Amino acid sequence: MLKVLDEKRVQKLKEEICEANLELVAKKLVIYTWGNVSGIDREADLVVIKPSGVPYDKLKPEMMVVLDLEGNIIEGNYNPSSDTPTHLELYREFENIGGVVHTHSTYATAWAQAKRKIDCYGTTHSDYFYNEIPCTPELTPEEIGGDYESNTGRVIVRTMRDKDYISVPGILVANHGPFTWGKDAHEAVHNSVVLEELAKMASLTIAINKDITQIQEVLMDKHYLRKHGKNATYGQ
Amino acid sequence: MLKVLDEKRVQKLKEEICEANLELVAKKLVIYTWGNVSGIDREADLVVIKPSGVPYDKLKPEMMVVLDLEGNIIEGNYNPSSDTPTHLELYREFENIGGVVHTHSTYATAWAQAKRKIDCYGTTHSDYFYNEIPCTPELTPEEIGGDYESNTGRVIVRTMRDKDYISVPGILVANHGPFTWGKDAHEAVHNSVVLEELAKMASLTIAINKDITQIQEVLMDKHYLRKHGKNATYGQ
Amino acid sequence: MLKVLDEKRVQKLKEEICEANLELVAKKLVIYTWGNVSGIDREADLVVIKPSGVPYDKLKPEMMVVLDLEGNIIEGNYNPSSDTPTHLELYREFENIGGVVHTHSTYATAWAQAKRKIDCYGTTHSDYFYNEIPCTPELTPEEIGGDYESNTGRVIVRTMRDKDYISVPGILVANHGPFTWGKDAHEAVHNSVVLEELAKMASLTIAINKDITQIQEVLMDKHYLRKHGKNATYGQ
Amino acid sequence: MLKVLDEKRVQKLKEEICEANLELVAKKLVIYTWGNVSGIDREADLVVIKPSGVPYDKLKPEMMVVLDLEGNIIEGNYNPSSDTPTHLELYREFENIGGVVHTHSTYATAWAQAKRKIDCYGTTHSDYFYNEIPCTPELTPEEIGGDYESNTGRVIVRTMRDKDYISVPGILVANHGPFTWGKDAHEAVHNSVVLEELAKMASLTIAINKDITQIQEVLMDKHYLRKHGKNATYGQ
């Protein structure tokens, strides 16, 4: 299939991705260079991502790096974020996503470091994530020593295999931190903000009641389906 | 009894409710659209509530939705908040309240998720809430599958049956989050701010001393009655 | 002994006390009206204190209330803070203090609610408080039912009897919250800020190592005496 | 070897150190005067450090104190920070560092008070610190009673003896708080910010999973070497 590169569309995506990266700072999910957002133009199969090592207060749309799905740089004067191969893996496997976010936000990272999935303890959680937020297994020494960043993407995909990536728009990578995704970069950032807040609420919940378990599935259904899918009644 | 609709009074209430919703943001009780405030005009039996799904930074008084106590929309171009039936239930049963607030504020929601009432551990608590802040039982699958939002209101009313809703101006809905009320929307927001702070203090208190129990009832009396009721000595 | 009222000095004290009350807000120790600062003019034995129930954003120097040490109002159009008798008790007993602060700051209040003294776990603590920060016993039902606010002052004084109020410039009132003092209102506020931070650090310390005990007394001496007393080497 | 004093270079260093001290406030690592930053001019062996007891909002470059490595004051109208002998000890022993920072930042200080090293629970940690962040043993009564501030430096140096101070750019002094260093003052401040965030994440991690252990060494290698050393691929 012939893919068409449209300069205006790419320009718009670079602006959107720059803005989404800055949104991570505004929402206090990152300090220094601890996060990155990308977006994809599905018609041209081009991914736009934050450059590596540039501080957020210097970030401009023209610094964004444009790559194809194999990781070849199409445009850009900077190196792409070192996590780029992870983003690409997710775009290749999750066909309906348009944006990916990685951060080291405090609470979500603490759960990832604790290597513990976040069970669904309330309706705030089930408004966004259907059932638990999974945590990947650890990478093996071979996966770490090999193509580490791609293997990080692969362990995410493997962990999501029995789940629906639309209703579970994020995951914890063990020992590392959260990745989220969405229909575009803006929604992926929104999901990162939500995941961080859910992680904070969950850490408080298990401290207040150490025997707490997940909410009933019928309540998850009610809240998730009230906001998502063709029978959604939420919003206008 | 004939109820009189007074356009100026409704207009004023819409401004007040819009402002009270924005106060939730200023007090850091909500992110995105995670909360809603309503108020009632008791002379006309009209409820004014936040529209559904509109972000706080776009909220304007003219977007507020006006309903009667049965939930019929009297005025407004937006859908009312999806939690509206819960608010209506509270207005029908608690005759002397003028405002209702629902949020997913972090600490109060954590207690609701932990399904644990907040015992009265100090005078900050008893300055506002007489005795414990209750937590509802979980809704049954039938209540969730049926008229869920109204049933949320009904479980609140049922849990409050043996309590005085004036001296206990808020509750935790199990698995969900806090609801508060007051003589008007402004006071209901004030009570939400206080509840969040009490929830935070209580979570710290039980971590510092896991064997802590409630304060003496005579101390609750002293503080609650110093600020409330006909013998109040507090303020001017 | 004849005490002399000096209008200019009282005016200056009212400005200082108003400013010190607003400092509580700036340092995030209080919300709404949850705190109060007073100061004393020792030459005239006049106490200046925050009015009761006035929100901080409306506070002006001319609203401050002037009382003698028996609690008679000498000047002012507002009622004094309801905690005034506690402040007066401290001024009568601790002859060298010039300012008193009461807040419901989150972490210090949590320790007061937990009815647990704050042991000295580090040099930050011993830079300001020599040895533990005490927690009073609970008031008896008789003390609560009687002259409650004065009795709160008395239990503080009783608990401090075997301690030096200069090197222990604050205390936790069980079930209630912290009181601090200092050579003037400004220093008393400074001590409230420090106490809150020490309370936060201590709650984290005992969570990280539940078997932790106080630091060596020789280290307390080193830090406390480096900053205080006639052999202090700290500052200019 | 003859050391050359270059007035312009010293002036520039004073500006840099003043700015680095103010950065501690901006990053919320210090309140009041609870921290200090220094830098060294290795060509002249001159150390520039914050004056003692001056509040941050009054700090100006011309107030910085210039000393030689033995602690003799070369220039300045203020006393140097009381922690100066600790800084000097580090400059004498760690030949390749250019800046030192000491703070009482909340979470790092809590770990120091808990007398517990921070194990490496994730890649955020290993991006900056290779393996654990050590905690010194307590000083002996003799070390405290003697040349306390120099002995604080010596216990740091002793604890670092079997470690590489380049890949472990910071430490917890038991009962006291963190010290960090770097190639210049700016990097040392950066490392203090990172250490505080790692300390917060670690305290949450051990609360979420009390049995958590360090990450695999191969993963530490991957992340640390991706950002540091001659084979670094991170940034531009």
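Order of writing sets the labels: A, B, C and D. Residues in every chain begin at 1.
Here is the rule we use: a residue touches a chain if its C-beta (ideal position, glycine included) is under 8 Å from a C-beta of that chain, and two chains touch if they have at least 3 such contacts.
Just so it is clear, the model here is predicted, and its values are computed rather than measured.
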item	value
Minimal step count in the chain contact network, chain B to chain C	1
Fitted rotation between chain A and its twin chain C in degrees, CA, nearest 5	180
Geometric centre distance via CA averages, chain D-chain B, whole Å	48
Centroid spacing, where centroids are CA-atom means, of chain A and chain D in whole angstrom	34
Multi-chain contact sites of chain B, meaning residues that touch two or more partners	206-207
Chain-level touch network, classified as line, ring, star, complete or other	ring
Each pair of chains that touches, named by its two labels	A-B, A-D, B-C, C-D
Sites on chain D touched by chain C in the complex	31-32, 34, 51-54, 78-79, 82, 104, 106-107, 109-116, 138-139, 141, 144-145, 148, 175-177, 203, 206-207
Contacting residues of chain B [partner chain C, same complex]	121-124, 190, 193-194, 197, 200-202, 204-209, 212, 215-216, 218-219, 222, 226, 233-236
